[in-house]
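Residue numbering begins at 1 within each chain, and the chains themselves are lettered A, B and C in the order written.
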Amino acid sequence: MSEILGLWLEWLPRLLGGLWLGCKVAGLSLILGIPLGLVLALTVQAKSTVLRAATLVVVEIGRGTPALVLLQLAYFGLPSAGLTLSAMAASVLALAVCAAAYTSEIIRGGLEAVAAGQKEAADALGMSRLDKLRFIVLPQGLAVALPPLLGFSITILQGTSLCFAITLPELISQAYAIGASTFRYLPALVLASLLYAAICIPASMLVGVLERRLGAHHRA
Amino acid sequence: MNETSATDIRPLVLVEGLRKSFGSHEVLKGIDLSVQRGEIVAIIGPSGSGKSTLLRCVNQLETHTAGTVTVAGVTIGPDSASHDRELQKLRRNVGMVFQSFNLFPHLNVLRNVSIAQQRVLGRSQAEADERSMQLLTRVGLADKAKQYPARCSGGQQQRIAIARALALDPQIMLFDEPTSALDPELGLEVLAVMRELAEGGMTMIVVTHEMHFAEDVSNRVLIMADGEIIEQGPSREVMQKPQTERARQFLSAVRDR
Amino acid sequence: MLDILGNLVTGVPMTLFLTFGALLVGVILGIPICMARRSHHPVLSNLAAAVIVAIRSIPPLVWLFLIYFGLGSGILRLSPLVAALGGLGLITAVNMAEIYRGSLAAIHAGQWEASQALGLPRWSRLVEIIGPQVARISLPAVATYAIGLLKDTAVASIIGVPELAFKGTYLSQQTFKGLEIFAAVGFLYIAMSLPIAWVSRLVDARIRQRVAQ
C-alpha cells in the first residue's frame, strides 16, 4: 500500500497537469458554447422558418453525433478540408459545438418555464420585444436553467477524457502513458479516477444544493 | 367460519386505548370503540380530527403508538412488531375502500377484482374470474370487465373498488371518505351500492362527509374532534340532538354548506 | 461516398449489440441497486448511494480503461468487447437505478396501500402491482437514456471494439478522407437513434392510450 502511495505522490504532479488541461479545455468550450447555445435557443423560436430549420439541424447534429466523433472530425477530418488544428484547438472546437447544441436545449427549457403571465404583463406594459427578453424573460429563464447548465458543465469536464483519442495530453492520456511505461496501469488509472471524482462529486453536490435552493425560491 | 358464527356476541372490531402520534403531534388520544357484527358505524368530524387515521389503524395501514386493535379475534399491539403474517391474517377479514379508489391502472377491471383472490385466497383464475363477474354484476359494471380503470368514470371506479374489496369475502368493510373525490351525482351511485351492502347485513365503518348517509343508513354515529370521540350514539339521536356544544357547532356548520 | 458508407455500415451491428447489451445489463442490474438504495437498512442504502455517485462521477472512457487496462494488467484479462459491455453496463445500471427510483416516487402511495389492504404477498406487490407501473413510468426515460448510450458506445472503439467509430478511425487512417468518413459516421449514429426514438414514442403512446389517467 505504501508503495502505491509513493508512486501516487510521484505521479500526482503529472496527473494534476493533465487534469488542469482538461479543466481549461472544458472551460473554454463552455465559454464559447454556452453563448452560442443561448443564440440557438433564441433562433429556434424565430419567426423565420429557414432560421428555425437551420437551428434545428445544427442542434440535432450536435446532439446526435457522439462527442468522440465530433473530436475526430475536428482533428482528423478538417485537415482534409485544408484546416489543420492543434489537438487543443480541435478539442475546444468540438466540445464547444457539442456544448452549444446541448445547452441550447437546456436554455430553451428554462425560457419556456417562464410563466406566460410574465410575458403578457411585459406586453401589457408596452415593453419592446428586446426589453421583454432582456429584463423579463432571460433573467428568469436563465435562473431556471442554471442548475442543469452546471450539471452539463460537469459532463463536459468528463467529456474531455475523450480527447485522449486525439492525442491531447489530458488526465487520462497522462495516466495511460504512465501505465504504458511502468506497466502499473491499475494504480495510475485509479488515481486518475479519484481526481475526477474529487472534482465531480463536490460539483454535483453543489448542483443539488442549487436546485433545491432555486426550487424553494420559486415556490415562495 | 365456525369460529365467527352469527351468534358470536363478541364485538367484531375492538379498539382499546388507541393512541397514534406522528412525531410529537398526537392524532389519536386514546380511542375506545367496539363494533358488533352487522353494525354500520359512521364516523364524522372536521378534517384533521383523526377519523381517517382511526380507520387506517383498524387494518393497520397505520401502526399505532399505544393500545390494541382486535379484528375477528386477531389482536395487534402498538408499533406493530407483529409479523407480516399477523397483519395478513387481520387484513384477510377487512375490506377497504379508499377516497382515491386506488385501482391498479395497469390491470383491467376484471384483473383488478381477481388478482387478490388468486394470491390471497389461492383461488384459481377461473374461480376468481367467476366470482369477480358476480360482484361486477352486483355493482352494475359487468360490461366494463375488459376495460382499463382509466376508461371508467370516478363513480364506476369506486364501485369496482368496492367489488375488489368484497371479492375477498371480508367480515367488515372500511370506507375512507368514499365519495369525497366524486361529483355529487357520481357519489350517489356509490352510496346506492353501499346502502345495498348495508341492507345485506355487511358490517361497515364509514368515514364520511355525507350527513344523509350517516343519519339514514348507519346505526351509530361517532363524532370526532382533535383525536377524540366527542360524541356517539344511535344515528338519529346524535344527528338531531347532539349533547355537546362542539358537536352542535360542527353539525350546524356542515348543514349550512 | 457510397463505398465509404458501405464500409462503415459493417460496424453498425456491433454498435447496436453494445448498446442493447449494455442496456440489458443495466436494466436488470439496476433493480437490485435501486432496491438497495431504497432499503430501510441505513448501511445498505448509504452504500448504494455511494456506489451510484462514485460510478457516475468517473467518465465512461475511464471505466473502460480501468477494466480493460487496469484489471487486464495481471488481474483479469477480458476481451475488449466484454470490458466495454461490463463498463457501459455498470454505468447504465446505476443510472437505471436512479430512473427507477424517480418512477417509484411518482407512484401514488395509494397503490401500495391498496395492495397491502388486499393482503397481497410481498412478491406479488412488487412483481404484479408496483413493478409494471415502474416499468411504464420509466419507459420514456429509459429510451432517452438508450439514445445517449448509443452514442456513448463510441468510446469502446478506443479499446479496440470493432464498432462504428472504430471502423471510421480505421478507414480514415487508410484513406485520409477524414472529413467525409467522420461526417458519415456521425450521420449513421443519428440515423440509428431515430428508430429508437420512434419506437419508444409508439410504445409509450400505446400504453398511455390504454391506461392513461
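Keep in mind that, in the parts below, a residue touches a chain if its C-beta (ideal position, glycine included) is under 8 Å from a C-beta of that chain, and two chains touch if they have at least 3 such contacts.
In this text the structure is predicted, and so the values were computed from the model without any measurement.
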Open item on the list: So with touch defined the way it is at the top, what topology do the chains form here? Options are line, ring, star, complete, other.
Closed with: line
Open item on the list: Quick check for you: compute each chain's CA centroid and the global CA centroid, then name the chain with the smallest gap between them.
Closed with: C
Task: Rounded Å distance between chain B and chain C, as computed from the means of their C-alpha atoms - done: 45
TODO: Just give me the whole-number Å value for how far the CA centre of chain A lies from that of chain C.
DONE: 21
- [ ] Determine the centre-to-centre distance between chain A and chain B, using the mean Cα coordinates as centres, and give it in whole Å.
- [x] 55
- [ ] Note which residues of chain C are touching chain A in the complex, please.
- [x] 53-54, 56-62, 65-66, 69-73, 75, 151-152, 154-155, 157-158, 165, 168-169, 172, 176-183, 185-186, 189-190, 193
Open item on the list: For a test of understanding, state which residues of chain C touch chain B in their complex under the given definition.
Closed with: 108, 110-111, 113-122, 124, 128-129, 132-133, 136, 210-213
Open item on the list: If we count contacts the way the header does, which residues on chain B are in touch with chain C in the complex?
Closed with: 59, 61, 84, 88, 91-92, 94-96, 98, 100-106, 115-116, 119-120, 148-150, 161, 164-165, 168
- [ ] Going by the contact rule at the top, pick out the chain A residues touching chain C in the complex.
- [x] 60-61, 64-70, 72-73, 76-81, 158-159, 161-162, 164-165, 172, 175-176, 179, 183-186, 189-190, 192-193, 196-197, 200-201, 204
